[in-house]
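There are two complexes below, and they share chain A, which is joined by chain B in the first and by chain C in the second.
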Partner chain A sequence: MEAITITLNGVEVSGHPGMTILELARESGVDIPTLCYDPHLIPIGACRICLVEDERSGRLSASCVTPIEPGMVINTKSPKVMERRKMILKLILASHPDTCLVCDKGNRCELRKIASDMEVGLIELVKIPQLATIEEVNPFIERDLSKCILCAKCIRADHELVVQGAIEYINRGFTSKPATLNDEPLEKSECTFCGTCVAICPTGALMETKRPYSGTTAAIVSTICPFCGCGCNIDLEVKDNQIVRARPGKGSTVNRGTLCVKGSYGFDFTRSAERLTSPLVKVNGDFQVVSWEEALGLVASEFKRIKENYGSGSLALLSSSKCTNEENYLLQRFARSILGTNNIDNGSRLYSAANIIGLGSPVGFPGTTNHLDALEQSDVILVTEVNLTSAAPIVEYAVKRAVKYKGAKLLLIDPLQTGLSSFAHLWLRPKIGTDIAFINGMARVIVTEGLLDEEFVTRKTDNFEALSSELERYTPEYVEQVTGVPSDDMRHAAQLFAGATTASIVYGAGITQHVTGTNCVMALANLAMLTGNIGRRGGIYALQRDCNGQGACDMGTIPNLLPGYQSVEDTESIKKFADCWGTSLSADVGLTAVEMIEHAKDGKVMSMYIMGENPVLSFPNSTLVKEVLESLDFLVVQDMFLTETAKLANVVLPAASFAEKEGTFTNFEGRVQRVRKVVEPLGDSLPDSEIVLRLANSMGCPMPYSSLQQVMDEIRDLVPLYQGIGYGSTETKGERRDELDRDPFRNRRLYKGQFPSGFGRFSPVQYEPPVEIPGDEYNFTLLVGSILHHSGTGSKTSRSPRLSEFSPEAYVEIGPSDAEQIGIGQGDEVKVISPLGEVTTVVRFTTTLPDGVIVMPNSFSSTPVNQLFDIVLDPLSKTPALKACAVKLERI
Partner chain B sequence: MDFDELAKVGSMMGSGGMIVMDEDDCMVDVARYFLTFLTEESCGKCIPCREGIRQMLTILNRICEGEGKEGDIVMLEELSEVVQDASLCALGTTAPNPVLSTIRYFKDEYEAHIRESRCPAGVCKALVSYYINPEQCQACQICLRECPVGAIMGGKNIVHVIDQDKCTKCGTCLDVCPIRFAAVEKLSGRPVPAAPPQGTKVRRVKKAQQ
Partner chain C sequence: MDKTVETAKPDLKQVDEILSRYQDQKWPLIPLLQEVQDEIGYIPPEAIEPIARGTGLFPVQVQGVITFYEQFHTTPRGKNIVRVCRGTACHVRGGRTILKIVKQNLDVEEGETTPDMNFTLETVPCLGTCFLAPAMMVNKNYYGKLAPPKVRNILQQYDNAGD
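What follows is the complex of A and B.
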């Protein structure tokens, strides 16, 4: 491609063909004002503010939609241009209310900014007001269309970025406006309240309804969203040590100008009245406020006592997949070097530990193998057993964009209907728990029909023979019988997947939270390797539920792995860490999260330290978990809130929120991103890292760090995955992105087809019938999953005023025909009963469920659905089965 | 007549239709008519077309209402330039043509509206009044009966008078007044003469004089 040279304001500049004048001008540092242009959106040339003059013809054209042509002589500031621009601006202002004084958009208003830049003041035109506000009762978005300038950014963001289709133009000419279907309020439409339109609106037409704090923004700090594992960049606007609002981070390659409802509105939990502000110690069953010294002194002496009396193995630590890399690193160092135990695990054990062996063993890398961009470029995307709408909204947007705008074909394998169903090229609904049979069936079709990428399989992988002989069993007929999916459909799916130049696989908790989770992940890895879709194009996208699920594992808060997945049984690795920490380390594999409970039950674990996790709600068999934690000799919980778990603790240490600390999160792609302090910690609460460091001091074994940067430096030295990562800049405030964010992938991507261990290894896996099959008495299969407005156990989201107002309570989804059989109606209260326990909730009809399947959300503390589950662990990953169980329903 | 010739005089071929108008058509009103049509046609996507035409129509409406101001013509021309230069599609870029060509050829009519509150063609209702010349009125009562709003007072042998406050300027009285009397007059740009005292008798025209 040859560069095109044009003259821009008298200077010759070159750009590539297809570039618009505006793009080239911005690249060359020439400012052209715009209202309807956004780099993330397809330009439409509606506002015409960006007019420029071609001096050869005197013609004016909108620079945002005019491609550069050789020999153009463009003037962006000729008198004619300026005159026209001013008049257009006056025309907009003529139909815009003069309420700037009381408009909360204030100086963020782009219209006002351009007017002031161009010295347009009072206008001589006739004021023609537009019609006004729409009555809405949601706590998120308020529309005042009297301020709408019809730039259509909201509509385009909805269509092109989020691909939701909630709003569109209605009417035409002067009466045209953005509206929902039939011009209903947003809460009655398809809108998910992701807030993308609010962030992109140049005026005050779209605003937050309820703000946690009002005022003109004094500073903007870039940080990372604390909810799901997508790792969206958010810019938090701050005033008076309070967060005013969140908006999508500028220039982010992860979320590209979008967010979800949690990211946009969920941060208000940070100022919840329920936040813990001082350390608490339980005396005679009641909590008493104490000083940090007292609390930490007590923890230190108790830990010393227990360690001396019962040995290091009687101590267990649960770290958090919601805490930063640095905090996880520090806690595992604390556990290993000071307490002398490998009994440390993190919350991601509950949902994504299957990846550690499931991907680690065949691929050599326990996580997503490519970045989000590559997913969007795929020809075929296989999404299996995950409701992306709630689990990973940003990934859902990318998949929808790929399907709608890039011609990708979506292969959806999910018994449940999700937001992606209507985008699917092929939507297959295997019976619950039969995924391995289905995937093996697909693999067999690929092998027997010769659709595999032979060169890749021969050159880059081994153990193919074992796989192909194992696959023999999975004939289309057998698979049809097991999964209930017609064999022709399955064959079609396999052909589609193998036929694609680039194919990607996306999966989530629906795969990993089954007893067979690890095997199922291996089956998916086999599928990717058979078709050559790993290590060079396409890839496997393993989603994470928590903001730092990936990072917590990377940091070695795993009982058998040191930071960077280096085995504790490997003498060399142990020596490396022991040398660095100047102490000897245990080479015994520790306990995983749920095993800690089991051992505590048997009296082998006497004391636990829980950082930012809520096992009472998140573990299976809550009743047992609660009993066991209560019976512990000594329990320390470090959290922002007095959670159900914290209530059982002997000592509660108040932790700072994500917005009150520095550090890094690693998202599901493996992108290490900087978390920045936005406001001061509430009350006496401290960042988790600070608490761990102070505790180490109290134990008499101080850790030699004076800043988090030193922690990151040590991580960089000891963890090969994190080589080349550093804070780069000490700048913590402002909108700058530093080196850390720019080049995070260096060591994490399987570029150029090189598997970390040289070869990808096929791992044949067997299908085993699911254990949670409903019987005569417990005749329904209950599926448990997350919902869009909440995350995890809801300890953060249920304390977010806006999210909890919109989604206050749990429910059970059931098909109307199933409901009829047991005589229950919409809105009825029912008991959901399993052999282990029961919860009460209300009925909500959903027509798309398979017969005999009911669905409940898992994020409500008032409806602790996990107490219905017995403790059944995946034998490989030790992840408890928390996805499906057999239950019965009883009307109250 | 061809494309170029039409373009030269500030018009265009369009669909090939041609409208012939005479001195009874007000050029300001004609421009207003076309802009009303264009406001309905504008899709609303780009600002110059959507807001520009609406703004121009507002100004034209004002002129036709007799509330035109000095500067309105210049403003119309400025707006026309923006709409012409900056609009996205041909609807917008040609929308100002009716305004520009009427200003170009019939500026005096605009000025009459603005400066003298006079509509030379007598079309703009706000600028015209109907008046019954007491000298001519023969009290035939036709207009009195036909007036749809009962704005005409009078009776047998009594000179009819239009109540200007009630009059809707529909022009019925002018239409029905027998030609041989020609008593009803349409006035524009000058005040309505004071009405004769109530009950003034008709002044019969003598046959001899006829």
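What follows is the complex of A and C.
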């Protein structure tokens, strides 16, 4: 492509064809004011404030929509431009209320900024009366459309970025405004309160409401959202050591100007009155406030005593998929080198551990194989058993964008209706627990109809013969009989998937939280390899529930794997770490999360250290979990809140929130991103890393780090995946640049067309009928899932004033005809009873459920659904089945 | 939007039927809306969702188009549409009285429909027949040089029509 040269304010500059004058001007450091332009949106040239003059013709044009042409002589500030721009500005201001002084948009208002830059006062024209504020009762967004300048940015963000379709202009002329369907308040519309439109609105027309703290922003700090595994970049605005608001991080290729409701509004949990602010020690059943020295001294002496009396194997540690990489790294080093045990696991065991073997063994790397951008470029996207709306909102946006604007075809495999159903080219609803049969059926069609990518299969994979013979059973007729999906539809799905140039697969906990989770992941990996969609284009997207689920595993808080998935049974790996840490290390595989409980029950584990996890709410059979934790010789819980688990502890250590510490999170794509301190830790709380370091000191075995940077340096040296990653030149004053983000995927060889071991290995897996089949007594299948406004067990989100106001309690969804049969109505209180336990909740009708299936959210401490599940582990991943169980309903 | 008139639920089957006629083809929105309006007489709000599905648009986008064009109506309209001119030429020749007479006769305000669904009253800025001022239209017929008795006669004509 030839570069195009133009003259810009007397200077020659060049850009590439297709670039607009505005883009080239910004690149060249020339400022042109804009109101309706945003780099994430398709420009529409509506406001005309960005006018420039072509001096050759004297023509004025809107620079945001005018492409550069050779020989242009552009003046961005000619008298003619300035005069016209002022006129336009005055016209906009004429219909704008004089409330600037009290408007909360304050200095962020682009209209006000432009007016003051151009020295235009507010009242020079006769005012046009404006529409009134809309009555809204949601705790997130308030609209004052009298301040609307009709730039359509909110509408375009809603359609082009988050693809929700909640708002659009209504009417025309003076009464035109952005509105929901039937002009209802937002809470009665399709709006998800993602906050994207609020962040992009150039005026005070759209604002956040119920801010935890008001005031003019004094500083903006870029960091990472602490909720789901998507890893959205957020900019936190601060004043007086308080977070004022969160906005989508500028320039992020992860979330591209968007967030979800949790990222935009959920940070207010950090100032919850329930935050722990000092260490607590239980004396005669009551907690007493103590100093850090006292608390850590007690923990150190107890750990030493237990280790000496019962051996290292009697200690077990649960690390957190919500803590940073550095914190996870430190805790596993503490466990392995100081306590001498591999009994360390992290919270992602409960939802994504199936990836470790399920992807690790066929593909060679236990995680997502390509980046989000490549997902959006796919021709066919297979989404299996995951409600992206709640589990991974920005992945949902990407899928919807691909379908709506890029012609991608969505294959949705889910018995339940989700936000993506209306976007699906084909929505297939196999019976619960029959996914393996379905996916194998697709694979068989691909093999028997010769639709596979033969070159890829021959050159890049092995074990194909075994796979194809094992697939024999999965004839379309058999698969139809097992899954209930018509064989023609299944075949159509297979043909579509195999026929695509690039096809991607997205899955989450709906696959991995079943007893057969690991096998199902392998079935998906087979499908991707058969069609050549791995290691070069397309890919497998394994979602993570928590902000650092991927990183915690990468960091080796896993009982059989050292950091970087290096086996504890491999003498060379063990030696590498032992040498670095200057100790000997155990080569015995440790216990996974739920096994710790089982061993504690048998008296083999005497003491546990739990960092940032809440097993009483997250593990199956909570009654047992509670009993066991209570009966431990010594329990330490490190958390921000006095969770159900912390209440059982002997010592509670108060941890700082994500906004109060430094470090890195690794998102589900494998992108390592920087978490930054925004405000000081609350009270006496400390970052988890600091607590672990101090504890090591108290044990008399200090770990040799004087900064987190040194921890990351060590990780870089010992973990091949993190090679080249470092804090780099991050903390220079003013602009913060991150070496970290420059090439986030450089070490993931999968992105470059190679399997780490050279070959992908097909792993045939068989369908087994689900164990959760309902019977005569327990006649419903309960599915448990996440909801948009909460995450995990809700320990953070239930303490976010705004999120919990909007979504205060659990419910059970049931189809009206099922409900009628057992005589319950909408809003009735019911007991949901399994052989193991019961919970009480209220009934909500949902017309789209399959017969005999009911659904409950998992994030409410007042309705602990985990109580209903018995401990049944996937034999390979040791993940407890927490997705489906047989229950009955009783009206109260 | 138009004032609401209580009526029976519209028959959405007609909308589905129109959509199904062109099932596999991407619908251009405006002709589709016109067809729905021609067949049902107006565009029932309940039709917005199916129309959105048929056209691959968001329901709010369909609403946006409907509310942008004056030709589209979201409430049922009478069998006969009376449009009284409010233009300058008509105004100076007593257009206001004409409007008043029509209102009295039909017992509705502007934008409203008679309970028997026979008439909907609208006003327009100019009918383009200023030489006939004061003027009005009923359906596609022009009536000019109006005076109160003439108005009553004209309306009566339409009242009986079809009985």
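Rule of thumb we're sticking to: the second predicted complex is superposed on the first by the 882 of 892 C-alpha atoms of A that agree within 3 Å, B and C clash if a C-alpha of one lies under 4 Å from a C-alpha of the other, contacts with A are read in each partner's own complex, and residues count from 1 in each chain.
Here, a contact is a pair of C-beta atoms (placed from the backbone, for glycine too) under 8 Å apart; a residue touches a chain by one contact, two chains touch by 3 or more.
Because the structure is predicted, anything quoted here is derived from the model rather than measured.
With both complexes brought onto chain A, simultaneous placement of chain B and chain C is permitted, the two fitting side by side without a clash. The superposition-derived angle at chain A (between chain B and chain C) is 30°, Cα centres, a multiple of 10. By the document's definition of touching, neither partner reaches A:G29: not chain B, not chain C.
Of the two partner chains placed around the shared chain by superposition, chain C is the only one that A:A166 touches, whereas chain B remains out of contact.
Touch criterion met: A:G45 reaches chain B, while chain C stays clear of it.
Once the two complexes are laid over each other on the shared chain, residue contacts for A:A62 go to chain B alone; chain C is not touched. Once the two complexes are laid over each other on the shared chain, residue contacts for A:G285 go to neither chain B nor chain C.
When the two complexes are overlaid on their common chain A, residue A:T180 makes contact with chain C while staying clear of chain B. The wider contact with chain A, measured as residues touched, comes from B rather than the other of chain B and chain C. For the pair chain B and chain C, the model built by superposing on chain A gives 8 Å as the shortest CA-CA distance. Annotation: chain A residues 169, 171-172 touch chain B in one complex and chain C in the other.
Touching chain C in their complex are the following residues of chain A: 159, 165-172, 179-182, 190, 404, 422.
Residue ranges on chain A touching chain B, taken from their complex, read 44-49, 51, 60, 62, 80, 84, 87-88, 91-92, 94-95, 124-126, 128, 149-150, 152, 169, 171-176.
Chain contact summary for the complex, chain B toward chain A: residues 39-48, 50-52, 54-55, 58-59, 62, 71, 75, 78-79, 81-82, 85-88. Chain C meets chain A in the complex at residues 45, 48, 53, 56, 58-61, 63-64, 67-68.
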